[in-house]
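What follows is a short report on a single structure.
Think of it as A, B, C and D in the order they're written, each chain with its own count starting at 1.
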Amino acid sequence: MFVLINLKAYPCDPIDIASIAAEVAANTGVRIAVAPQAADLAAVAETGVETWAQHVSSIEHGSHTGSTLAEAASRAGAEGTLLNHSEHRLRLADIDGSLRAAERAGLETIVCANNPKQIAAASRLDPDSVAVEPPELIGTGTPVSKADPDIVTDSVDAASGTPVLCGAGISTGEDLVAASDLGAEGVLLASGVAKADDPRTALESLVDPIA
Amino acid sequence: MFVLINLKAYPCDPIDIASIAAEVAANTGVRIAVAPQAADLAAVAETGVETWAQHVSSIEHGSHTGSTLAEAASRAGAEGTLLNHSEHRLRLADIDGSLRAAERAGLETIVCANNPKQIAAASRLDPDSVAVEPPELIGTGTPVSKADPDIVTDSVDAASGTPVLCGAGISTGEDLVAASDLGAEGVLLASGVAKADDPRTALESLVDPIA
Amino acid sequence: MFVLINLKAYPCDPIDIASIAAEVAANTGVRIAVAPQAADLAAVAETGVETWAQHVSSIEHGSHTGSTLAEAASRAGAEGTLLNHSEHRLRLADIDGSLRAAERAGLETIVCANNPKQIAAASRLDPDSVAVEPPELIGTGTPVSKADPDIVTDSVDAASGTPVLCGAGISTGEDLVAASDLGAEGVLLASGVAKADDPRTALESLVDPIA
Amino acid sequence: MFVLINLKAYPCDPIDIASIAAEVAANTGVRIAVAPQAADLAAVAETGVETWAQHVSSIEHGSHTGSTLAEAASRAGAEGTLLNHSEHRLRLADIDGSLRAAERAGLETIVCANNPKQIAAASRLDPDSVAVEPPELIGTGTPVSKADPDIVTDSVDAASGTPVLCGAGISTGEDLVAASDLGAEGVLLASGVAKADDPRTALESLVDPIA
């Protein structure tokens, strides 16, 4: 199972979370990555944790202001990037373009989508993985694996071979195991770790069943 | 005169340009800043050059993925931010929101606009400065001060007190002086330095008349 | 006072509301207009009511698919258009472009904005009127004139001469009078009439104090 | 073969083109439809021609200003809608949402896309048809069937059963036959008819080989 912690624009200390994630990954053997703000990529990567961008733009080198160039994210230490997160939905043509940009820059990719039909569509654009995140569950603390397990299994079917991650509402080790049992090969986490009073304990107990 | 070098998504080495800009600024006493990719902010700031973001989002801390949080740009070393560049036009409400975000994070602001009417509008949102960049001149090598000097003087009038910078087509010391003579208090540069064969010579000869 | 009824995408019969509005306008002498879906403009205009578009795009004749051409709205019978409604916020450059498009097509214009600062900005783009609609009050039934009267008076000041309409939460004749007393020259209505059980009575009682 | 004439925002008389299209369809038995501005849907439908919207929004009835409600397009006479045209690209989630909206309103759907990979993705969202339009050929007069026939055959493969239309550069009967030979079940036309000096002759000669 791959555990990706999306730090969003949370008021947490990204270096702190990154250092904890690096240690927990080393101690447990679980693959854990952290996705900070673009401006924090370099500092987060320096902790040694696997570092991901939250987004890269559908651009090549050139006259583009205020975009996130895949090559710059990679140079700062990113090894992968989320795309089309429900908080940053992209046009179909731009998912395609951002995937090509990520490929060019050597970034691994996860394309998010809301439902199995969109997962089917997204997987045809050849990302490394897809992630299903029903928007109505984001930030609720109710895991998709419990609220609507069919969404996960239907997404695994729809992805026809592309690995599926499971987002929205994952916060405990039990959720992680449930997601795995439904066929997910990873989870997207956010507030469950980034806003926890004790992020280390939160993350350790989360990965404990798969450590 | 304030000289802001926008590195856009150019295939240049941002550290290289930043180091040169820092030295030229120190040697000449001219205020020079560099605006790199968000992912490059920290590395550019480490060179000692005045560092600007190309954009910050209209968000506060919270659940926002793939946005540029003003606080993160500031933490990485940015001292200011461009907003509403013609390559990243914002909704009116988001220019307002991004200005409030920048203010919160202690970032100086320049709001770009296409023409004197939009400059008048932008200046009413209380940015630190505005910049007029006729889209049809961007990247042409023809400075706005030569192609249409009235746009600059009309923008200075329209801004009613807010300092006006002048973008689009500036590449020589002569252009800089012409912009200053028309009432501009700074210039936005991009390809003229960032894509020059010899960025140091390009920048030195550009600021020479005001050094 | 100008009363503009925005039918949004409500499940009402636009012809029915338009006919009622035309009669109430004729009977009371109050200026009342109706803004339906673009596809309903022609049928609404045929009722004889003053007809407005909800939006026109910042385009000229040419290769643009799925946009709302100002000239087509005008040909279908629109006499004016809302722009930058809080449910359809536009980029600063596009408010400017849409105003120029509306002007070309002979459409009267109202630019909406959230707060006095944005009203100041919008009014510098030379619309015929501006409308202040604090997003937090839309659809609440609490009129801005009661919840935060300063927003209206500050908007009137900020607009420096451009007529100000008042949106969000207006539903009674008392609200209308309060808005007028604060300096507003019109109101934007929506659900108060369009979703009323008896739209005629709702509209009649609303305009009664100014009839 | 289905021939859909997209009138875009051209300065043509939509009623004129629609009347011609209705007559040519009746005389030749070829299925021909016209997609005008939303504001022109009702007038175009009255000519008796099969009428399509250029776009419908991903919304249901409710508080949405300046959007194109599928139900309103249908009520005005539309029988189908284009979606995700290269001049109006949509977010993946909104293509899904607009398809559901069109379905609800009884509109037939064609989702446009740039290349076979995006065609594969779009077809997984269950539109009635997809249309491949390489952006670089739009408006060139060079038909995709000639410039890059593999794009058409690859799109037919990628669509795995969803009918494929062919856009961009189609202007002659020969192009139509070539598209058909490559597996396309229809074509999107625009300037070739809408901007022709003699639209009737242009359309008649276009459909002649399949009449």
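Odds and ends about this structure:
Note that contacts are C-beta pairs under 8 Å (C-beta built on N, C-alpha and C of every residue); 3 or more make two chains touch, one makes a residue touch a chain.
Going by UniProt, the chains are A, B, C, D = Triosephosphate isomerase.
Nothing here was measured: the structure is a model prediction, and the numbers come from that model.
Least step count on the touch graph, chain B to chain D: 2. For chain C, the chain whose average C-alpha position is most distant is A. Chain C and chain D have Cα centroids lying 33 Å from one another. Here the CA centre of chain A is 37 Å from the CA centre of chain D. Between chain A and chain C the centroid-to-centroid distance comes to 42 Å (mean Cα coordinates, whole Å).
For chain D, residues that reach two or more other chains under the stated contact definition are 86.
Applying the touch definition to every pair of chains gives A-B, A-D, B-C, C-D. Across the complex, chain C is touched by residues 84, 86, 89-96, 113-115, 117-118, 120-122, 124-126, 158 of chain B.
Interface of chain B with chain A (complex): residues 6, 8-11, 36-43, 53-55, 59-69, 71-73, 75-76, 78, 82, 85-88, 138-139, 190-191.
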